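You will see two complexes here that share subunit A, one where it goes with subunit B and one where it goes with subunit C.
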Partner chain A sequence: MPEKGIINTSQCIWLLFIVIASIASMQIPSILILQAGRDAWLSVLGAWFLDVMLAIVYAYMGIRFPGENFVQYSITILGKYLGRMVGILFPLFFLLVCTIVIKGLGQVINTAFLPRTPIDVILISCFFVSALIGRKGIEVIARMTQILGPLYFLSIVTLCFLVIPSAHIIRLKPQFDEGVAPFIIGTPLILVFFGVCILMAMYIPLTNRPENGFLAKFSAVSMGAIVVGLITTFSVVCFGIEDAQTMYSPGLQLSRLIHYSNYLERVEMLFLLILVGSSIVASSSLLWAFGLGIAQLTGLKSYQPLIYPGALISLVLCIVSFPSSLQHSNFIHYTYPIVAIFVQTGLELVLFAAALILHKRGTV
Partner chain B sequence: MILLIALATLVIGLAEGIPLGKQGQRKELVAMSCLLGMAFLLAAGFRIGFPSPITLLEQLFEPIGKAIFK
Partner chain C sequence: MRKRALMMLFLVPFLQTGCWDTREVDRLASVLAFGIDRIPGNEPILLTVQIATPDTAKGGNKDVKAGGKAFTVMSSKGKTFSDAIHNLGSRSMRKVFFSHSKLIVLGKDLAETGIGEIIDDLKRDREFRRIDWILTTDMTAKEILEHGFSMEQIPSKGLDQILQESKESGLILPVNCNDFFVRLNGDSHVSFTPLVQLVDIDKQMTSQLEEVAGRPLESEVKPKTLTVAKTVIYKNQQMIGELNENESKALMWLVDSPKGGFITYTFAPEASTNGEKGKISLDISDGKTIITPQISDNSISISIVCNAKASIIEAETVGIDILNPMIVAQLEAKAAETLKLQLEQIIDKAQKELKSDCVGFAEHLHTQYPVAWKRVKNNWEDIFPTIEYHVSCEVRILNTGMINNTLPTNEAGGIN
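So, the complex of A and B:
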C-alpha cells in the first residue's frame, strides 16, 4: 500500500467536514438559491438524507472489502482491465473537484480581497501550498483538519448568529410558492457537492476502526448540512432570494453585514480565513486522493511523486478551461452535477450490485 | 503561460525525477513523467486551439444539465 498513515475516526470526520466547509464558503449556496428559491434550506435537508443513504453503501463496501478503497475494489470486482478503467474515474473525478475548488477560491480572493493581483498568481500559490500539504500524506492533512475543522464549524455558526439582527424571517415565506419542483430539483444539485465526501472510501482503509466509516460520514455530512443550511437560509432572510442568487459568495456577503458599534467590524477577514484554510486543506486531500488512486492503479510503491504533477495538471485545467468566473459558475451549475451523479452514485451502485451478483469479497 | 508551464514541468521533473532515478524507482519515474507530459500537452494544446477535457465534458453534459436545472 503506497500510503502507510493511519487516522482515527475523529480525524476522518473533520477531513470530510472540511471538504463540505470549502464548498459552503463559495458560490454553491447562491446556485442552490437560484434553483430552489426560498425552499433551498429544504433541499439541503433532502440532500443530507440522500447522502446519508449513500454513505451506507460506501460504508458497507468498505467493510466488505477490508483494507481496500474503491479504486482497489473496482479491480477486485470487475477484473484487471475493466476494473482499472472504472477505477481511474475516481482519481480523475477528485482532480476535477480540486480544479473547481481552487478556481472558486481564487475567484473569491481575486474579486473580494486582491482585485489588483492576477488570478493566475493566486492559483499558483494555492496549488503550490495544496500540493505541499498533499505530499506530506494523510496523517499531516488529518492533524491539520482536527485543529481547523472545529474552529471553522464554530466560526461559521457564530457568524450566522451574529447576522440575526439583519435577518427578516418573512423573506422565507411563502414556502412551496412554486410547488415542490424547485425543492426536488435543488436536492440533487446540493447532493453532488455533499457527495464529494465519497473521499470516505479512500479514508476507510486507513482508519484505525474501519467499521466506524458510516458514523464518520454521518457526522461530517450532518455538520456540513448545518453549515450549508445556515449560510443558505441566512442568505435568503438577510438579502432576499433576488439578491442572494446572484452573489458569488453569499457567506462572505453575510460576514460583511456584521457590524456592532466600533468594537466588532471587518469580520469578513474571519470568513476569508475559513475560505482559504478549508479550500486549501480540501484540495490537498483531493490531490492526495488523486495521487494515491493513480499509484494504486499503476502498482507504484509511493504516490508522493505524483502529487506535484497532479497539481500542475489541475492548474493548467483551471487556466485553460475557466478563463472567466461565468464559465466556472456555468460548469458548476450545469455540467458538474451530471458528471458527479454518474461517478458518486452511478459507479458506486454498479460496483455494489456487481459485488453482490458476482459474490465478490475482499480478503482480510 | 506556456513558458511558465514548461518551466514548472522542468522544475518538478528535476526535483522529483532525480531522487527517483537514484533510488531506481523506474515505474514511479515513468508515471510522473506521463503526468507532467500531460500537463504540458494540455497547455500546448490550448495554445494551438485544442479544447481542454473540461470543455469536452461541458459540450457533452451541459445540454442535459440545462434541461434539468434552471
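So, the complex of A and C:
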C-alpha cells in the first residue's frame, strides 16, 4: 500500500469534521437558505440523518473489504477494467471538491479581506501549502486536525453565541411556510456537501480500529451538522431569509455582527482564521486522497509524486473553469450536487449491491 | 537541504500576499460617520463624511485648544453613492476608509424620494458594517454632520452614545442597518429610523423663562443642539411620515420589549381625603409585550398584552399613602391606562394617518397564521387600517424609591 501511516479513531473524526467545517464557512449556507428558506435548519437535520444512514453502508463495506478503500474494492468487486473505470471517479471527485473548496476560500479572502491582491496569488499560496501538507502523508494531516479541529468547533460555536443579541427568533417562523417542498429539496442539497465525508472510506483501512469507522463518521457528521446548522440558523434569525440567501459567506457576515459595547468587535479575523485553516487542511486531505487513489489504480509504489501535479491541475481548474465568483456559485448550486450525488451515493450503492449479488469479500 | 531552504526563501515573498492590500494607518482617513443627501443636477448624490482629524483624535489636543476641530467634514457628489465615494478620493490626501464608521445619516430629500439605490451599496461594499446606526434627518445630512457637541469632541461619538443610552432609558429605539434592512424586507415592507434634528432648545427655554421673569434675560447665545427623540417611518424604501416623542416611546412597546422608560400621569386617589391631584412618575425597569392575532369569521383582530415592572420615582400627589395596597393598586391601574392610551394612539396613527404597518402586525399574523396570511398578504395595505385591536396593560409597582410616603405639607408650606 502506498500509504504507510496509521491513524486512530479520534484523528479520523477530526479529519472528517474539518472537511465539513470548511464547507460551513463558505457560501453553502446561503445556497441552502435560498432553497429551503426558514426550514434550512431542518434540512441540515435531514441531511445529517441520511448521511449517517449512508455511513452505515460505507462502514459495512470497510469491514467487508478489510484493508481496502473504495478505489481498491471497486477493482475487487467489478474486476480489473470496469473496477478501475469506476474507481478513478473517486479520486477525480476529490480533486473537484478540492478545487471548489480552494476557489471558495480564495473568493472570500479576495472579496472581504484582500481586494487588491490578485486571486491567482491567493490560490497559488493556498495550493502550495495544501500540497506541502498533503505530501507529508495522512499522519501529519491527522495530527494537525487533532489540534485545529477542536479549536474550530469551539470557535464557531462561540461566534454563534456571541451573535445572539442580534438574533430574533421570530425570523425563523413560520416553519413549513411553503409546505414541505423546500425542506425536501434542501435536504439532498446539503447532503451532497456532507457527503464529502466519503473520504472516510479512504481513512478506514488506515485506522488502527477499522470497526470504529461508523462511530468516526457519526461523530464527525454530527459535529459538522451542528456547525452548519448553527451558521444556517443564526444567518436566518439575524439577517432574515431575504438577505441571508444573497450573502456570499453568511458565516463571515455573522462574525461582522458581533459587537459588545466598544471593546469586543471586528472579530471577523477569527473567522478568517477558521476559514483559511479548515479549508487548507481539508484540501490537503483531499489532495492526499486523490494522490493515493490514483497511485493505487496505477499500481505506483508511492502517491507522493502525484500531489504537486494534482495541486497544479486543481489550480488550473480554479483559474480556467471559474474565472469569476459567479461561475463558481452557479457550479456549486446547479452542477456539483448532480455530480456529487452520483459519486457519493450512486456509485457506492452500486458497489454495495454488486458486492452482495456477486458475493465478493475482501481477504484479510 | 540547502537547496530546499533557498527555494523556501524564494517562495516566502509570494506567500506574503498581504503586500497588495497593505494600508498604513497614517495614510488612512477614518470615516466616523457619513451622510447622504439628494441634490438637483447630473450628479444627484451628495456624500458628506465626518473624518477624525488625525492629530487631535488621539488625544493630542494642541490644535483643539488652538481652536481647531477634532473632526473634518468633506463632501463629494456623484451619479451614484459609490460614484460619490470614488470622487471623494480626488480631494482627500488620505485613503477614505469607511470600516470604522459608527453611523449613517440620511438627508430628508433622499429619504422622501427613496433610498433604494444606496441600500444595495451599503450591503455589497465590504467596508460598510451592518451594525452601524442609521438615522434620518429633517434637514440635510451635511448640516447634521457639520454640527458639533459641546461635551464631545467628535460628534459621531456623541450621537453613538446618545443612541446606546436611549434604548436603556426608553426614549427611542435605535436602529442599526441590519434591523433596518430586515424590517424593509419584512412582510409589510415598513421600517423606521430615529430622527436626528438640530433644535434650538436654549432659545425656547430662555423665552419661556423670560415670560416668567417678565424681563429679557441676560444669557449668551448658544448653538443649536443635536437631538434624537422622534422616529421616521419608511415604506417601500421611502419616507412616509414621522412619529413624535410619545409615539416613538410607544413604538418600542410594539416592536421590542423595553428595558427602560417613563410613565408620567396625573393621579388623584379615589378615596382621597382632600381630592387633590398630582403628577406621578414611574420608571419602567422591565417591559414585555405579547401580540396575538385572532381570526374569526374571516375577520382579523389583534390582541396586545403589555406587562411592565416599575418603580415610583416621583409622587407629588398630596396625601397619597403609598403603603396602602389599595392606593398602589389604583396607581398601577392608572399607569396601565396611560400606557394603553399611548399604544392606542400610535396604532391609530399607523392605521389612519400613515396607513402602513409600522407596528409589525403583519409579521405576527404571518408567523402565527401562515395560511390566513397568504390570503390577505396581497391586500394587506387595504386590510391593515381596518383591523380591530385590543390593548390591555398591566403595570406592577415593585418599589417606591428611597422613601415611601412624602410628608404632607401645611398651608404655610411647612411640614406638619
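Definition applied: the second predicted complex is superposed on the first by the 364 of 364 C-alpha atoms of A that agree within 3 Å, B and C clash if a C-alpha of one lies under 4 Å from a C-alpha of the other, contacts with A are read in each partner's own complex, and residues count from 1 in each chain.
Note that in this section a contact is a pair of C-beta atoms (placed from the backbone, for glycine too) under 8 Å apart; a residue touches a chain by one contact, two chains touch by 3 or more.
Bear in mind that the values here come from a model prediction, so they are computed numbers and not experimental data.
With the two complexes superposed on chain A, say which partner A:A295 touches: subunit B (first), subunit C (second), both, or neither.
First partner only.
First (subunit B), second (subunit C), both or neither: which does A:A112 touch?
After superposition on chain A, A:A112 lies in contact with subunit C alone.
Looking at A:F331 after the superposition, I want to know if it touches subunit B, subunit C, both of them or none. Which is it: first, second, both, neither?
first
In the superposed arrangement, does A:P309 touch subunit B (first), subunit C (second), both or neither?
first
After superposition on the shared chain, which partner residues are touched by A:I170: those of subunit B (first), subunit C (second), both, or neither?
In the superposition, A:I170 contacts subunit C only.
Let me test your reading of the model: by the given contact rule, A:L272 touches which partner, first (subunit B), second (subunit C), both or neither?
In the superposition, A:L272 contacts neither subunit B nor subunit C.
Considering only the touch criterion stated at the top, classify A:I122 as touching first (subunit B), second (subunit C), both, or neither.
second
Taking the superposition as given, does A:Q253 touch the first partner, subunit B, the second, subunit C, both, or neither?
The second partner, subunit C, only.
Along subunit A, where are the residues that touch subunit C in the complex?
These residues of subunit A touch subunit C: 111-118, 121-122, 124-125, 128-129, 166, 170-171, 173-174, 177, 238-240, 242-243, 246, 253, 256-257, 259, 265.
Note which residues of subunit A are touching subunit B in the complex, please.
Result: residues 34-35, 96, 99, 120, 182, 185, 189, 294-295, 298-302, 305-306, 308-310, 312-313, 315-317, 319-322, 330-331, 333-335, 337-339 of subunit A touch subunit B.
Using the touch definition from the top, list the residues of subunit C that touch subunit A in their complex.
11, 14-15, 17-21, 123, 126, 129-131, 178, 181-182, 185-186, 363, 366-368, 370
Residue numbers of subunit B touching subunit A in their complex, please.
1, 5, 8-9, 12, 15-16, 20, 25, 27-29, 31-32, 35-36, 38-39, 42-43, 46, 52-55, 57-58, 61-62, 64-66, 68-70
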